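Sharing a structure with you now.
First chain written, first letter: the chains are A, B, C and D, and each begins at residue 1.
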Amino acid sequence: MNVFEYQARSLLGRYGLPIPPGGVATSPEEARQIAERLTRGPFVVKSQILAGGRGKGRFLSGFSGGVRLCEHPAEVEEVARAMLGGVLVTAQTGPEGRPVNKVLVAEAPRIQRELYLAILLDRGRRCPVVIGSAQGGVDIEEVAREEPGALHRIWVDPQVGFWPYQARELAVRIGLRGPLLNPAADVIARLYRFFCECDASLAEVNPLAVIENEKIAVIDAKIGFDENALFRHPEIAAYRNEVVEDVREAEALKAGLNYVGLSGEIGCMVNGAGLAMATMDILHRYGGEPANFLDVGGGADQNQVTKAFGILMADPRVRAIFVHIFGGIMRCDVIARGIVEAVSHAKPKVPIVVRLQGTNFEEGKAILRQSDLLIRTADDLADAAQKAVAAARETR
Amino acid sequence: MSILVDGATRVVVQGITGKAGSFHARACLDYGTSIVAGVTPGRGGQKFDDRVPIFDSVAEAKVASACNASLIFVPAAGAADAILEAAAAGIELIVCITEGIPILDMVRVRRCLEGTNTRLIGPNCPGVITPGQCKIGIMPGYIHKPGRVGIVSRSGTLTYEAVWQLSQRGIGQSSCVGIGGDPVHGLGLPEVIDLFDRDPATEAILVIGEIGGCEEQEAAAFWKTSSRKPTVAFLAGVTAPPGRRMGHAGAVITGAAGTVEAKIEAFEAVGIPVILSPADIGAGMSKAMTATVS
Amino acid sequence: MNVFEYQARSLLGRYGLPIPPGGVATSPEEARQIAERLTRGPFVVKSQILAGGRGKGRFLSGFSGGVRLCEHPAEVEEVARAMLGGVLVTAQTGPEGRPVNKVLVAEAPRIQRELYLAILLDRGRRCPVVIGSAQGGVDIEEVAREEPGALHRIWVDPQVGFWPYQARELAVRIGLRGPLLNPAADVIARLYRFFCECDASLAEVNPLAVIENEKIAVIDAKIGFDENALFRHPEIAAYRNEVVEDVREAEALKAGLNYVGLSGEIGCMVNGAGLAMATMDILHRYGGEPANFLDVGGGADQNQVTKAFGILMADPRVRAIFVHIFGGIMRCDVIARGIVEAVSHAKPKVPIVVRLQGTNFEEGKAILRQSDLLIRTADDLADAAQKAVAAARETR
Amino acid sequence: MSILVDGATRVVVQGITGKAGSFHARACLDYGTSIVAGVTPGRGGQKFDDRVPIFDSVAEAKVASACNASLIFVPAAGAADAILEAAAAGIELIVCITEGIPILDMVRVRRCLEGTNTRLIGPNCPGVITPGQCKIGIMPGYIHKPGRVGIVSRSGTLTYEAVWQLSQRGIGQSSCVGIGGDPVHGLGLPEVIDLFDRDPATEAILVIGEIGGCEEQEAAAFWKTSSRKPTVAFLAGVTAPPGRRMGHAGAVITGAAGTVEAKIEAFEAVGIPVILSPADIGAGMSKAMTATVS
């Protein structure tokens, strides 16, 4: 779960990381007031969306730049007005862009050097890795590809922990020596403490900057959290509803469903994550595109099936619904009853294709057949996928 | 005859009195698995379904029942502790079904297991089965059929689909191992391939992978140097967008290595055929086995 | 550094340990008010001194028992009046006893079972050890001697940490099974977290009790802290001044000196802890008794020597002062100048014996000689000690 | 010729620009110790007293100077880190002078050093000296005299007193090791006795112990089974009251084993004579050595 920059700033601030003062605004007036309360300009106004490339982004309105420097509070207000309520398109958002509902207004210190600092999990080594580079403020994946030697890594033995000397070692390697060494090591150590104590999955500071008066500052931060660990961080879990930008995902979250919105036209409901992905893949093979990933889980009940149906049917993109269940723990007859109830109740306008397999699949199919509803069934996976793709084409 | 588990495996179920624990303990007992003990702290001395003695700790269960494998249904907040408890008691095989364990807990657990004799399967996995002999997990037992294909998978229901396709074609399985969908977990694809490789009862191997991480690449590299058994692979998630977690905590593309394309390339580079459609897993396996025989 | 029971209760309470409600009082009226605010009796009134054996103790006034059960708030007031301002003598205080300036008033739950729980450092194994016993409420050293098998120990690998299953294991071993198991394990785990996070050197709960309604309670707790770690626990460090019962030690603490008050008549000032102990020992060999342990440290300056002298001279027990310095880092001439200044200024009424050895000892002795002060010197340690013992006898 | 350090030892001083660090670095240089580098993070590139290069880290110092021993004066809050830094850089001998390191920090440090080749002396100790060759510590060098008695001690100035008494009688020292007064520290009495035992230049051993812990008992037990060199002991703190910390964090009687009486009994039980008066250390050592010769 990624959080907005303004949320990341608030969390990192509690760990004593040096963050230029500022605040978040939902209206142009508020943005101006924040700027007025700050000690001095220039100010930076940053669109709050969960995607990178904001600086070079462009609003659908034509306004250019999701991040803008301003000299005066009046200018901050003007820029915020152009951003708020707009839709920002960047290299990472796709052509549809993302709505900007909040802007961050902060002091913009004079930057002397831009560096990179990140902590994430190294899956292969099964431990956190602290990554630093003297080349910050740029796309780090590009640095990694083109000049791998410019990335410095320190792997952390979870039993030993991360000691200050390791933070100093990284600081030295990314060129922060002399009077910058100890403050930089302190920043690295604090970021590590945040990473562990808050169960982050990613804590990326890009750029980490050397600013005026030989000080270190966190200019931009991208923070992700391990969703499995949210139960022990209720405060961070509370961000969850705020950070879902897709309305369908927001609905699914409320219903407790494992849902990822996509841009295709076939609504999918599958039990199990691997089978759900494989289902998306086979639709694609036959020329269809999934509108979503939806895993109703191994133990989903009739009620969850009904909810899942509701979300698929409410999606205007969806031209056909494909239900694919392999009954293991979940019995196909139970699923079938859930489908019948949902369909009789909501009377969907799009065709429905169902493949039931596994435990009690015969009973399940019988229930669907006897329902007199227009539900197409298939035994074979390839056949079912083809029927789903064809059904979506019909309604185009 | 199989890997990891067989008719002689004696199982303790940790969290046997919980909803999932009791449901699946019964299913395993019905399949014929020797469940010799259960653990629920505070309920030591009671019996589960009037047949399985319950203990306060794995250590006590082990002394009383000589169990050598554990099946864990303890909820996520206590699952890491349950794994370490089983390991400290000297249990050789731990199968952790629990979903949603914090990743940093698993980082600590894996580090603690280093240098011990304990093997961990999972967490967030369907478990392991040797058809006809022993089922330690939540997979539907009846779809399996004893035979000579070893299956290792990062998935749950997708594995059932694969097993179903094989069994329908009369292709039985030596053992099926679901290693789990979490980014940090126990036995990995290469280790399980190695076990199948050393198992005389296994003639061919099916690997089911998915997006995220680079275990498939490691498996391919390992297979190239060490394995001589015909192996085919299927990979899920070619249509998954980068940066999004597709259900499994581990199924998220965070770099080039995490894509299905990169994994397919790795398998094909070493000569492992990749089945492209999930509908063709049975046919693909059948073809690979026929090719070897001829 | 040990803290009073009421302080231990407050610290442990923050870690969620189950402590019967109560409060600390400095006056009998306050004690009554606390009892009145509590839900129900009986109440226990406990003298707050830093020594054990309070229950069987006796006040110099003749009042018996440093811990008393009361049925009513009025009785609490009465008992508190008898305790406060009194001097309590127990098996651990020595015949002079300890002044009681505060009493703890708390609910006294009905106890069904008394157990023992402690966490301390195992020096030999260099790790914390968690100790439990089904035999609580008694002298645990006696249990250890007479029935060693009744003590259960779990050593904690500092790299692995203490996991809940280990807490459960200990709970089971001390007989807390059934519905008591999980609450007991929770108490043990919380005590361990307190021990580590607060840098305790000892966290002992005796008794840990099973009380009415099958609940676990911390009836009495003895907590000690690693003085080396106080710098990272300013709140605990603030207790430091409160917990010094000896007035001489309180003065020494203010002066930043390493001082332990004893009951002999020769005031000692030595550099280095081992040499200071050896100095005390040799005085004892020659029939003298040290009034204190005082290590002025390896790098003490003239100022600290002056302060140290002040404390020795203010002690009415002291009949002679023995200064014993082996100059390593510390130069004997500097020490000699400090002595001369202190003596000229304060004009002590007791004889002073000085042994200087090591760096610049000749210059040091010359300074003392030229000062015309009545300072006796000696080169040899045995000679010096004998002179000090003899000097103390003179002034008796 | 000696243990732990000799003329070939190349020393890096961690915290060389601090008050104590610079004072004692100079004293060691004056004694003839090869101090080849200093470390003060943030001051890398400068020079100490125009002669010793300063580095930002021990790793850099090691590459540039080939140092193989470290002398630590870093303040207590950062001392554990400094020890681990030196160990991670592969320094073989670490002498930590720093007083007041939290005990749980040292617990972690000792655990980290397990299984490495690094030897730690201290903390809260005077250091180690091989008279005439190398002084890594804060002891006054001039009181020492090269010779054949090995001294190991938990104390500082009391050791100087003992050395002084020996040197006054013409008894020189092979090496003197102050292991420090903290409850959890590096090399212990048994390990140093073992080193002296294997050192051909050492003919006799003086052990200076004190109240607290049970290292003296361990030393006695070790000596009985392994050492054949004449050894005498002195123990400080017979008049110390129980439960009070006598200066050193480790000098506190918390159980029967921590008393001087228990320690004397342990030494005498294995045949190590115990000197009862601190004024008789020189005489006692002299007597023990004469007894051996005759």
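We adopt the following convention: a residue touches a chain if its C-beta (ideal position, glycine included) is under 8 Å from a C-beta of that chain, and two chains touch if they have at least 3 such contacts.
On a predicted model such as this, the values are computed, not experimentally measured, just so you know.
A.B. asks: Give the fewest steps needed to get from chain B to chain C, where each step moves from one chain to a chain it touches.
C.D. replies: Step count on the best path from chain B to chain C: 1.
A.B. asks: Based only on mean CA positions, could you tell me how far chain A sits from chain B in angstrom?
C.D. replies: Each chain reduced to its C-alpha mean, chain A and chain B end up 29 Å apart.
A.B. asks: Using CA atom averages as chain centres, what separation in Å is found between chain B and chain D?
C.D. replies: 54
A.B. asks: Take the average of all CA coordinates in chain A, do the same for chain D, and state the distance between these two points in whole angstrom.
C.D. replies: The answer is 56 Å.
A.B. asks: Of all the residues in chain A, which ones touch at least 2 other chains?
C.D. replies: Residues 159-160 of chain A touch two or more partner chains.
A.B. asks: If I count partner chains per residue in chain D, which residues reach a count of at least 2?
C.D. replies: 108, 112
A.B. asks: Going by the touch rule set out above, what shape does the chain contact graph take here: line, ring, star, complete or other?
C.D. replies: other
A.B. asks: Name the touching chain pairs, please: which are they?
C.D. replies: Per the contact definition above, the touching pairs are A-B, A-C, A-D, B-C, C-D.
A.B. asks: Give the list of chain C residues in touch with chain B in this complex.
C.D. replies: It is residues 160-161, 163-165, 168-169, 172, 177-182, 185 of chain C that touch chain B.
A.B. asks: In the complex formed with chain D, which residues of chain C make contact?
C.D. replies: 121, 123-124, 126-128, 141, 157-159, 196, 199, 201, 226-229, 231-232, 258, 260, 262, 270-285, 289-290, 293, 295, 298-299, 326-329, 357-359, 380-382, 385
A.B. asks: Can you list the chain B residues touching chain C in their complex?
C.D. replies: 41-45, 56-60, 78, 81-82, 84-85, 88, 108, 112
A.B. asks: Which bits of chain D are touching chain C when the two form their complex?
C.D. replies: Result: residues 20, 23-24, 76-77, 100-108, 110-112, 126, 138-140, 142-143, 153-161, 164, 181-184, 208, 210-214, 218, 234, 236-241, 244-251, 255, 276-280 of chain D touch chain C.
A.B. asks: Could you please specify the touching residues of chain A with respect to chain C in the complex?
C.D. replies: 159-160
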